[in-house]
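A, B, C and D are the chain letters, set down in written order, and residue numbers restart from 1 in every chain.
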Amino acid sequence: MKYTYDKENESLKLELIEEIDMNSCKALRSIIDGYIIKYNPKECILDLNKVSFMDSSGLGLIMGRHSLIKMLNAKLTLVGPNESIKKIIKLSHIGKEIRII
Amino acid sequence: MKYTYDKENESLKLELIEEIDMNSCKALRSIIDGYIIKYNPKECILDLNKVSFMDSSGLGLIMGRHSLIKMLNAKLTLVGPNESIKKIIKLSHIGKEIRII
Amino acid sequence: MENNIKIEIDNKLCNVSVVRVAITSLISQKDVPLDEITEIKTAISEAVTNCIEHAYEEENQKVVISAKLSTIDDMDFLLINIEDFGIGIEDVDLATTPGYTTKPELEHAGMGFTIMETFMDEITIDSKMGSGTKIKLMKKLRTRKVSNI
Amino acid sequence: MENNIKIEIDNKLCNVSVVRVAITSLISQKDVPLDEITEIKTAISEAVTNCIEHAYEEENQKVVISAKLSTIDDMDFLLINIEDFGIGIEDVDLATTPGYTTKPELEHAGMGFTIMETFMDEITIDSKMGSGTKIKLMKKLRTRKVSNI
């Protein structure tokens, strides 16, 4: 996973790739949390531009990170979800709580 | 199928793409023969650079075009087969009769 | 005209993507728009993942997916059955409530059925406690027709 | 450790690529070199195409492919059975002769069995006139092992 930490803005950007399903989620979860805990950023940006497929397990992944990030008084931003992923996110309540660009 | 006809050398180049199996062969065969019959070239070049997969049906396709081209007193050249395709061609007797670049 | 495919997998999460690529390859025989393919893949992914995550306690159990692509009067339909032989669903109404999940600790979003309903035209759930669950999904494909002009 | 997948297809040539992608997806669970994946795909393509081209006269007949990926003592093996319930092969020795084909008019190269033998480690042909043909293919995978250094 590519990551960029912007010191000035205290923002951490993580670039997810390929398919997010229940199988890949388990590994993704601990890697993402590892970065968040290491940098304790004010903002965490999940870049979904390269994610071609995501099902509801990805929703669970995002919701879980959202909870963690809220506890750390930071905010979560999603960048570049494709149309089907956008639809899925909007189906759930986090669609209203998270900034999507 | 992309094709280029070089008038000066009377050579016809056909660029095959993607997967060559028994399913795609049936259409490929008549298109290739259509070009050959239209241009009646001295040399026919089959460009395999973009072919990621070919099984023995492709071998049948090449053998069939080889016979047609021989009858027309022209020659057949294969360009850019990947390693597995090269292996397949070499297994058959046309491996010795056709120029492979 | 119809075309049938049946896939039987072991209940391992790594096999969900095998099912996805196979069904994608099947649908690609028709000229279906990419976003529709993605949505169908997502619905199937939900149903198969559910069988693996919820139906069984043990390994080496089976999930069976059968797909039928059929053309009736110039319209293309995709019918998919996803079946397990596991514990079954006690309360289907509750299970299909958006956000309801029995595995929140594993970060399940509880949105599987909601996504299947949203992305497919029809869903039927047939479940018996102790003997398994069968999900039927149906979608009329937005096949691009070759115009004759 | 093992993983099993079974695919049942209608005898249509367009389904051969469905089988290829599914088996490729299965093998990709192991870190197998691309050229080896291509060779396995080719061998399977030959066997499945044969069932569709030679076994049946009628449509709506079945071809069954089952694949087992198994790890024994750190070695990975792929076992694939391809089975039809068609006419069977009269003379297996003749059929496996390089260049022999009963369909030269359809530009069959007669190299299917030769390619299966070349690209796999083992092939077994089990055919009975009137009841069908079962091909077993085996390959030890050149899996890249994660080094511990």
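The rule is short, and it goes like this: a contact is a pair of C-beta atoms (placed from the backbone, for glycine too) under 8 Å apart; a residue touches a chain by one contact, two chains touch by 3 or more.
Bear in mind that the values here come from a model prediction, so they are computed numbers and not experimental data.
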With subunit D removed from consideration, the chain sets that still hold together: A, C | B
Graph distance between subunit A and subunit D, where chains that touch are linked: 2
Farthest-lying chain, centroid of Cα atoms versus that of subunit D: A
Subunit A and subunit B, separation of their C-alpha mean positions in angstrom: 49
Intercentroid distance (Cα basis), subunit C paired with subunit A, Å: 26
Mean-CA-position distance for subunit D and subunit C (Å): 27
Contacts with 2+ other chains: residues of subunit C: 14, 17
Touching two or more other chains - residues of subunit A: none
Chain-to-chain touches, reported pairwise for every pair that qualifies: A-C, B-D, C-D
Touch list for subunit D against partner subunit C, complex: 2-10, 12, 14-15, 17-18, 21-22, 24-26, 29
Partner subunit A, residues of subunit C touching it in the complex: 13-14, 16-17, 20, 35, 38-39, 41-42, 45-46, 49, 52-53, 98-99, 106-112, 114-115, 118-119
In the complex, subunit A residues that touch subunit C: 19, 21-23, 25, 29, 52-57, 59-61, 63-64, 82-84, 87-88, 91-93
